[in-house]
Amino acid sequence: MKKSRLEAFSDGVMAILITIMVLDFKVPSEASLAALCSLAPVFLSYVLSYIYLGIYWNNHHHLMQVVHKVNGPVLWANLHLLFWLSLIPFVTAWMGNHHFEGIPVAVYGAILLFSGTAYYILTRCLLAIHQADSPLAKAVGRDGKGIISLLVYSVAILLANFHSWIACSLYVMVACMWLIPDTRIEHVLMDDPTGKLE
Amino acid sequence: MKKSRLEAFSDGVMAILITIMVLDFKVPSEASLAALCSLAPVFLSYVLSYIYLGIYWNNHHHLMQVVHKVNGPVLWANLHLLFWLSLIPFVTAWMGNHHFEGIPVAVYGAILLFSGTAYYILTRCLLAIHQADSPLAKAVGRDGKGIISLLVYSVAILLANFHSWIACSLYVMVACMWLIPDTRIEHVLMDDPTGKLE
Amino acid sequence: MKKSRLEAFSDGVMAILITIMVLDFKVPSEASLAALCSLAPVFLSYVLSYIYLGIYWNNHHHLMQVVHKVNGPVLWANLHLLFWLSLIPFVTAWMGNHHFEGIPVAVYGAILLFSGTAYYILTRCLLAIHQADSPLAKAVGRDGKGIISLLVYSVAILLANFHSWIACSLYVMVACMWLIPDTRIEHVLMDDPTGKLE
Amino acid sequence: MKKSRLEAFSDGVMAILITIMVLDFKVPSEASLAALCSLAPVFLSYVLSYIYLGIYWNNHHHLMQVVHKVNGPVLWANLHLLFWLSLIPFVTAWMGNHHFEGIPVAVYGAILLFSGTAYYILTRCLLAIHQADSPLAKAVGRDGKGIISLLVYSVAILLANFHSWIACSLYVMVACMWLIPDTRIEHVLMDDPTGKLE
């Protein structure tokens, strides 16, 4: 099977998700700075989700570079990931419109948790069809960062109803952790001077 | 003619369809779990349509792998398929907003029936320009699964107005039947050790 | 310059246009067949525009196959074409919502006229950078079909305000004329047994 | 790393942005020319933004042709550019709906300024991983046009609140300046008769 069409489809979905979030910015009925400033929570919520979707696209891009083949379960694991990501625009708008209140913040965290879990499942499906000494296996490794993220999301969800800003800070923290480029895969690629992986 | 642009266009349309469905989730005006729960029928409707579009993308992906050439009629048969798929977001929202009432459920089934028929026509158009012993012909075969689906949709449409939940269960059943990967094409691909098809 | 990215971008825009038109189907507030039937004019308008966008995608696809190179003016001529096509969802919804009244039907025709002109300009820009005996030149030729379409659109615009259904029939007629595959380009491709063009 | 997926993702986002702007044309409730004419400011605003997005796509296309490799910072610099571009539909609608009043015009200029800065940062990130005598370095050079644009945007933002039409004229002026094709990169490509860059 070809991985190129999987990449193209995923890119398409992620590009659309990142873009339709902007439709939730309702054009203010007044032409004043005050009207613009009242959109600040929606904007902050948008920035956070934009960064998360950027991270997922980036990691997906890196991951697919060390993938040699895909099969049926991988296609569905990928669709499963895209399903949870597709709900991000909804929770982003809900969280922004309600000024980061407890329940929407917790639901936002739940979507992040499900997305993170889906990404984890995707890597496992890929590992199952690659050899133990493949570049993919070396690159993914034990995936500590992924598991830590899932734990932090869980803590944030529990805290959200009481201290929603702590939960939000935790989401920002996880995003910062991922903004540091995934050097594992880059290292593996550098160790492959033949460039075959590309 | 090139099949790559046909694939790219179909991927684009399907990626957009799968994504704009989420625009039908109206952001609740309250930040409560009760408000979220009231979206449950819309969510269930979304999940079902997401899976159906995923199945179509998946089968389209498999089908195109054994296709060697495309022509004018194939381009239009493909656009015809995308036309019916493009109506899925509309019927999904209608069915979800009206808690799976009879008429919307029947109309949903009609769109599935037209989509299934359009897919069948697409495979016939492709078979017409491939030889009888081509990998495509072997892979598509008599297409029993496709014909059974069309029959089940028809039954569901007739039942929808009286027992709409039976109709919905039939839609779920067909989806489950298709989630099992289309092993026919994978078998044909495996029998082709030269990898020429890719 | 590469034509592949021009194709990818055009495909993306056309795929999105064909899909967002469906957002103009407002979900009926009732779950009845009568509510669905009241959408009939919007649906007919959608079908017509879907076919027109399909024709543009199809012809663009054929045209690009015989193109060997693109340059700056071609990129802008292509963006100019996409600009007019991007207004089709707007006029489609306006025409459908107002049951094919005179003014919206005339404006619809104007957008078709501008799109057709933009396509004509695109072919001229392409011819300017290809040789007189290139496959492109042979395939495009004098482009009688394109010029006839422009004339029919002009007549329809003039008639729309008095007999809007005659104007609509003319739009349908032009669409039918184009649904017949553009055999000119297919002939040129067939005369090129080396397959270099692909 | 592969630049092809970066291009595909950027194309996707820009294609969607250019298209969803059209959703801000609210279908008039009347079928009259007067209702259509009342949309003129929204239309003018749309045309300006369409041209700007076209310029960005065009320049991005040219830039990527002389790029040999991308890395993590480039991916993020690109996402940063797309972030500011993603806000263009919002400011376009705000500016159009409020007939080019001071505040929306200034905010529109601010988004152009941030987008221009983001594009500048992207070129610097690319230069950092290419050699000083690479085609990219020759093609980008000192980027006078980019810096002039940023200065003009800044002036326009300051003027917008007092003379919003002067600010708008400055935006149009910058767009005209960029519509002249970026001959620098074309020259470098022409000096490379081996065609390796493509």
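We call the chains A, B, C and D, going by the order they appear; numbering starts again at 1 in every chain.
The rule is simple: a residue touches a chain if its C-beta (ideal position, glycine included) is under 8 Å from a C-beta of that chain, and two chains touch if they have at least 3 such contacts.
Owing to the predicted nature of the structure, the values given are computational and were not obtained by experimental measurement.
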The angle in degrees, nearest 5, through which chain A must rotate for its Cα atoms to match chain D is 90
Distance-maximising chain from chain B - centres being C-alpha averages: D
Any idea if chain B and chain C meet via the same residues, over half in common, or different ones? different
Where the centres are mean C-alpha positions, what is the separation of chain A from chain B, in Å? 26
What whole-number Å value describes the gap between the mean CA coordinates of chain A and chain C? 37
Can you pull out the residues of chain B that are in contact with at least two other chains? 8, 12, 16, 20, 23
Work through the pairs of chains, note which ones touch, and then classify the graph as line, ring, star, complete or other. ring
Report the residues of chain C in contact with chain D in the complex, numbered from low to high. 1-2, 5, 8-9, 12-13, 16-17, 20, 23-24, 71-73, 75-76, 79, 82-83, 86-87, 89-90, 93-94, 97-98, 101-104, 107
Counting only contacts in the complex, chain C reaches chain B at residues 7-8, 11-12, 14-16, 18-20, 22-23, 25, 27-28, 31-33, 36, 47, 50, 54, 57-58, 61, 64-65, 179, 181, 186, 189, 198
